[in-house]
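Letters A, B, C, D, E, F and G mark the chains as written, and numbering starts fresh at 1 in each.
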Amino acid sequence: MYHAVTIALLVTMALALLRALLGPSVYDRVLAVNMIGTKTVLLLAVLSFLFGRPDFLDLALAYALINFIGVLAVLEFFRVRAEQDKSDSNVENR
Amino acid sequence: MTIVFGVFLLTLMLITAIAIVRTQNLFVAVMLSGIFSLLLASNFFLLDAADVALTEAAVGAGISTVLYLSALALSAENERAPYSSHRLIALAVVSVTALLVIYATFDQPRVGDPAAPVHQHVAPWYLEMTRDAIDIPNVVTAVLSSFRGYDTLGEVFVVFTAGIGVLFLLDKPGARHGGTQTVGRVRLRHYLIPRLVGRMLIPFILLFGLYVQFHGEYGPGGGFQAGALIAASIILYALLEGETRALQALPRRLLTLLIASGALLYGGVGVAGMLLGGNFLDYSVLASDPVKGQQLGIILIEAGVGITVTGVLLSVFHAFAARGRF
Amino acid sequence: MDTLLDILSWLLLTTGGIFVFAGGLGALRMPDLYTRMHAASVTDSIGPILIITGIMLQSGLALASVKLVAILLFLLLAGPTASNALASAALLSGYKPGGPASSTQDAEK
Amino acid sequence: MTALQAHLPALQVVVPMLSAPLAMLLREHRLSWALATAASLCAFAIAISLTLSVIDTGGMRYLMGSWPAPFGIELGVDAMSALLLLIVTGASSLALIAGASSLDREIEVERQPLFYAAWLLALAGLCGILVTADAFNIFVFMEISALASYVLVAGGPDRRALPAVFKYLVMGTIGATFYLIGVGLIYLMTGTLNLDDIVYRIGEVAEVKPILIAAGFISVGLALKAAIFPLHVWLPNAYTFAPHVVTVFLAACSTKVALYVLLRFNFVVFKPYLEDHDLKFAIFLLPLSLLAILVGSAVAMFESNLKRMLAWSSVAQIGYITLGASLVSVAGLTASLLHIFNHALAKSALFLALACLAISVSKLRIENIGGIAKRMPWTMAAFLLAGLSLIGVPGTAGFVSKWYLITATFDSGPLGILLVAVIVVSSLMAVVYIWRVVECAYFRETDEAQSAREAPLMLLLPTWAAVLLNFYFGLFPGVPLELSSSAATLLLGQTP
Amino acid sequence: MNFLGIYYYWVFAILLMVGFYAVIAKLNLIKKLIGLSLFQAAVFLLYITVGKVEGGTAPIFASAAGERLFSNPLPQVLILTAIVVGISTTALGLGIIVRIKEEYGTIEEQEIQEIDRQ
Amino acid sequence: MSASDSIWLALLLPLLGAVGILLAGRIGPNLRESVTLVTAGALAWNVWGLIPALMAGERPEFTLLQVVPGIEIAFKIEPLGMLFAALASGLWIVNSIYSIGYMRGNNEKNQTRFYIFFALSLAATMGIAFASNLFTLFLFYEALTLSTYPLVAHKGDRDTVNSARVYLGILLTTSIGLLLPAIIWTYLAAGGGEFTAGGILEGKVEGPALGLLLGMFVFGIGKAAVMPVHRWLPAAMVAPTPVSALLHAVAVVKAGVFSVTKIIIYIFGVEHLFSTPSSAWLLYAAAFTIVVASLVALRQQNLKRLLAYSTVAQLSYVVLAAAVLKPLAEIGASIHIVAHAFGKITLFFAAGAIYVASKKTELSQLAGIGRRMPWTMTAFTIGALSMIGVPPTGGFVSKWYILAGAFESDNYVAIFTIIASTVLNAAYFLPIIFAAWFGKEAMDGGKEHGEAPWPAVLALTFTAALTILFFLFNGPVIELERQLLGAVS
Amino acid sequence: MIIFLLLLAATWLLWSGLYKPLLLGLGVLSCVLTFLLARRIDYFDNELFALRLSLRLLRYWLWLGGEIIRSSLDVIRIVLHPKLPISPRVIDIKAGAEDPFYQVILGNSITLTPGTLTIDVHEGVIKVHALTEDGARSLEAGEMNRRVAALQET
């Protein structure tokens, strides 16, 4: 039963990876990263039970945290980029 | 069945790796590296390496993504020319390397064979001694911090070196690009949802980091992973509110102090062992009961690791951020 | 009782799996970023709810369940936040809903 | 043996290592310099003391954390490591003393505490590699020293230091990773990481292929770190653009320590186990050494940047060292190890002299130093005398090792004549490139040189100390010779 | 099982190849660094694979684990250290890249060489 | 003071002198030159004082230090070295007097440096003369090369530096490239490099290998100027004349032939070499050098270059004599070192005096100069006659012994060479002498001048006198060198 | 703030699951550290201190769960439909609640329910992207908005 879920998660990861490879925009890729991140969290949760080691749930939580921070960092990156473009074009206009 | 999962993950990893090399957009490459790292971590987990999986996730998907992005914010996003003119030579060199490795596999023991020499010599000893002489559940932590504590001391100093290296390179007075320092320091303040939610989570991430720190002996985790998580929580704060405010909360001087004091704490425990009549890094002499002494020593040195890693990661982040743009 | 719980949890896990898979498929099939995000949010909201509840039924009333609740809570808080962040970033850099703006495409040269 | 003495192998690493955070915390750059110098001198004293006890007793062992040997990490000091410890700590001390007056020009005062911390870490890393008896521990300390060296090199004032150090970083990391792969394969087959234990257990391994590949990876990885031709490409620029005293330190130590590990593995671990390993080793290394000697010397002859010239000369000198090793004989190895020692002496003196020159000359190019000998007589005299040692003029340390090297090549059969010819030719090339500088400094005139002033005493003292050591060890090579020959017999597994 | 087991080694070899290729053949400095990380990741995988024991579990004693076969803790310890070394190298490398960008205005190897040649 | 003390004193005195000159140079030229003279005198007194002990059959020894087991820096006095040391130290006094006149008369720069390195060269020369093994010999041989380099490059202009580079290049190339391997070969083959009566290679190196080793030694000792490694000698003529005089007529070149002779006698062993056919080539090489160098000298227009090629030829006399491999010839070789030294130093002194007084360097300018500088030209004539080997000059004595040795072994090659070169020597020296005395001075012949400064004239007169005296009173020298016979047979 | 500390302590205890004196001590230490740092980062000093719990919130969550399941099924149907019957559009919704905290809850709830996606929240106006006309319309109907506004009133 856990196996079935694991397989579903893995396949979804593969699909998300495909999205990451196809793009076309950078945001699609970020979306894919985020998806893979949450899938990994679930995968770990499921696997801990599959292995009979529920004490490893800590890992899943850690992954979730890291993933969240990563995505926010990417957002900040985009914001900086946008600002930079704006100031660059200002410079050009002047 | 597990191994099939592993094979599947490995295949995904291979695809990701090739895509990383092929793409010319650096941002995409960084994103894909994040994916790669997550896949690798899952694989580690499948291979019973919980501690490593945690570390890889924290490092690969978390810290190094943030670092790459900070560097990327300062430079162009696209590669200009994809390959050097020596790509054929490179391909030849690389192929030879791979073929050699594959050649070596012909004689290697089967993966997971319990009778392989790897599992025969020192490994059982570690398992047994962890139970007898240290009495903590996590054998990895026991080996890491006591049996091979000297390696870990080295590891802390590697981190330390990297920290002072980045500080040395980027805190160069005069070379700092002024102007952008105050503009655009607002960060994500205008984004209500991320700001609010992120803010709410910060103490809990921090607490979780401390939990990982102090439960290193019982479950996966330890000083390094904890340091990464704690640093991540502060980095989150910096992302949300601007690193000026993050620096107000934890000033640079304090971070420097953290970097140094963690390393000194670890070394100090080692020296204490020496002064109390044992060898360097011998924790048994720290308390009257050797087992208690070991446990005390492990807690102390793990704390040292955590403090240094936190300090270094934060300093490095600030050093990059202070370059102006990110 | 145990059997009932087993069946229930099996049901939850399996449907969770199906939802997740379908979401993934959607993320692949949808035409533009925003619509893909809708599909992705299936895997980020209903998927975790079902799967983690399913596991919780397995583990019973133990500390592990508390941890699972914590993970679920976190995912439900962080998931939409991240989606929102992403969407607003895309909008900020001129990615208009309805089709990718040419300037933001990273099409490989 | 007193209690303290038993702890010396650990202290050798711990003293500089734990001084690093302290040096970083000190805000006043003079204080952190003083601390770094004191720690380095202390390490030097420990190295001397270790050497003495090695000469007395033949070696020392130390169990980290008191865990028994193959399980915990063991430290071990023998003749070979003692020899290199002397070089490393000695060069570091000399360079640091010289750094007091030369570094201020290159690195802002505020950044200096970090710089000194990195210096101490590099020192600790190198010492760590030398005293440990654990294959993985070597990797860890190799990385400490490597990362710290990158920082040190990046401290150079010229912006070209940065691409140079990046290249150094990439190649260094590849080298370390290759080494790691090799160690992994060995561990896979033997189940242990302790070097002695590996030697003991490797004999029981029936399968050859993984060990063979491991030997390949370890050798190539370390060759990268040791800048063995043609894997030397990172070296010239890294040495050229580093701060001057850093070049002194690195040129004397970093590649030598990698060579040390290389020799250790090949002779102690692989040679007894792999059939014909010495032959393969020689077949690979010998032509490369010859090429390194010839190419390095040839490039040096035409290089007009003085530091890069000496850097290329280092490539050639590393060739001498590997040449001696590739003969796989006690005589050859003795020559090789002795040359490690003597080359360190000569090169530190030369680079120190350049550091003195840099005080007055903006660009260390040959055309800028015409007639400078009149203004800086002590500096140029030091350069000249150290240059003689590099050439191998009798009476200097360089001669002694060259003598042994030629003696060893004569022993190696008909090929020996060719080898001797190569050594001779490259010695002559050394004459050419050293003499170009000397001639220019003594017999040409340029405007820039007219305003030059003699370097400060704090720089001249270590320079001349190094120069005089060249002559001292040229006339009384007893200690290094004894250490190298007992190390050579040790490596070849023969009883002395 | 045997084929699947060998698969791990082979993936290690190919990953090694991919990462190494990126380091050598790519001219963009950040790309080189990413390649380096891949290269190192391959080695991590090798070690962890080596440490796996069939039917074993993670070497952490816990009530849930009971008296089971444990995988080898030592490679995990080594790789923990190696990962930390890897990230340290990456951080330092990125620091250098940032400085290069500031000094040269580019992070392409051949452009830097051209600037230096002038 | 025992004899072995004299050995280290002989090394130490010039070194102390160098330091003294350095210090005195700060105060003034008079003091500096006094120090030079005092040092030279002390050295000569010290060295000459050793002769009686040697004549009495003593062989004083002194070991400075052991570098590594088997390799020592050690000294031992034997007749050949004694002769060389006595010659060099004695002529240093004369040369110093001459230098004072020359250097002041020419207003040379960097005079302190000049005197310092001169003293250092002498120290190295003493080391060569007294060396008791190959290693020590090599050590001081290289020291001599290096310490004479600044003297050759003294002027510092472009041509000078280039020539000095050739000088250093050839000498170092040959010594590192051939001599050092040869020495190491010897050490390996014979287990040591001690100079031993009768040689040490017998039974160790035989047949063609011996010929090869001999070649490595002879060409490795570039200072012996056997063709084709003679080119450094004409190049060295850019040096100030006192350097050419003492070093390139006496100390340096003699160090070369001295080393060759010493190695033939004490390392190879005359008997051993004589019985090895593959070593016969040396004779031919020497003969070739003599004839060709003489022919080249015939075509020179520059006086100092002519003298240089003459030196090349004369040096090969010594080699030739040594290569005849008969006791009488070996004695002839050693005596020729002395005879040629007196003659050639006189010639160089004269050339330098002409340059100081008139700035003339070319042969064509010398017509009629005898009338302006009678003392100088008289001395020149005596020196030239000695080169040709006409009695009553020293050159005759040595030629006589060499010929005697050659006849002893019916060595017609040697005999023919000596005769031929005598003719050639006459062919290039006599026209100069003739022109100087009887030629007509060109009308636009530059400035009016008389003799060179008096110290220079004094010195050359003295050496000319020595040349003649050596013909008349050569007894002690021959007596000394007869002791060689013990070593040879 | 006391509530916050208690919450931290509870979190620790539930996560740790080990009740040895040593670990409890470390737990106290951790909580205090976290608390101190939270103060340093001005966690408590403005409107953003956002820990408000109530029974109504729980009830709202249950309702939201139902919504999620319902809309998920809708989205799944669209995804699996061969023609992908979508009609995306962007609408602006004026949030009923004034407190930013509840605006955030509303925004995230909208995102959580598949088919609708909060793009931006700015001064009480929520910009929403909807996958289908239906979804947009049902959101505009304002059921969710009303419920969130009701939460604020307590």
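Quick note on the criterion: a contact is a pair of C-beta atoms (placed from the backbone, for glycine too) under 8 Å apart; a residue touches a chain by one contact, two chains touch by 3 or more.
Just so it is clear, the structure is predicted and the values come from calculations on it, not from any experiment.
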Minimum number of chain-to-chain touching steps separating chain F from chain G: 3
Topological distance between chain B and chain C, in contact steps: 1
Touching chain A and also chain C, the following chains: B
Leading chain pair when contacts are tallied as C-beta pairs: B-E
Remotest chain, chain C as reference, centres from CA atoms: F
Relative to chain A, chain with the most remote C-alpha centre: F
Centre distance in Å when chain B and chain D are each reduced to the mean of their C-alpha atoms: 31
Rounded Å distance between chain A and chain E, as computed from the means of their C-alpha atoms: 20
For chain E paired with chain G, centre-to-centre distance based on mean C-alpha positions, whole Å: 38
Separation of mean Cα positions, chain F and chain C [Å, integer]: 98
Per-residue overlap in chain C, given as positions that touch at least 2 other chains: 23, 25, 37, 67, 70, 74, 77-85, 88, 106
Of all residues in chain E, the ones touching two or more other chains: 16, 20, 50, 57-58, 60, 62, 74-75, 78, 81, 85, 88-89, 92, 96-97, 99, 109
Residues within chain B bordering two or more other chains: 25, 27-28, 50, 72, 101, 105, 108, 118-119, 122-123, 126, 148, 151, 154-155, 158, 161-162, 165, 169, 172, 188, 191, 193-194, 197-198, 200-201, 208, 211, 215, 218-220
Inter-chain touch pairs (all): A-B, A-C, A-E, B-C, B-D, B-E, B-G, C-G, D-E, D-F
Residues of chain B touching chain E in the complex: 3-4, 6-7, 10-11, 13-14, 17-18, 20-21, 26, 29-30, 33, 36-37, 40, 43-44, 47-52, 55-56, 59-60, 63-64, 67-68, 70-72, 74-76, 79-84, 86-87, 89-91, 93-95, 97-98, 101-102, 105, 108, 110-114, 118-119, 122-123, 126-127, 130-131, 137-140, 142-144, 148, 151-152, 154-155, 158-159, 161-163, 165-166, 169-170, 172, 175, 177, 218-220, 224, 316, 319-320, 323
Interfacial residue positions of chain A with respect to chain E in the complex: 51-56
Parts of chain B lying in touch with chain C, wherever the complex brings them together: 23-25, 27-28, 78, 188, 191, 193-194, 197-198, 200-201
Sites on chain D touched by chain E in the complex: 136, 139-140, 143, 147, 150-151, 154, 159-160, 162-163, 165-166, 169-170, 173-174, 176-177, 180-181, 184, 187-188, 193
Chain D residues within the chain F interface of the complex: 388, 391-395, 400, 403, 406-407, 410-411, 420, 424-425, 427-428, 431-432, 435, 439, 442-444, 474-478, 481
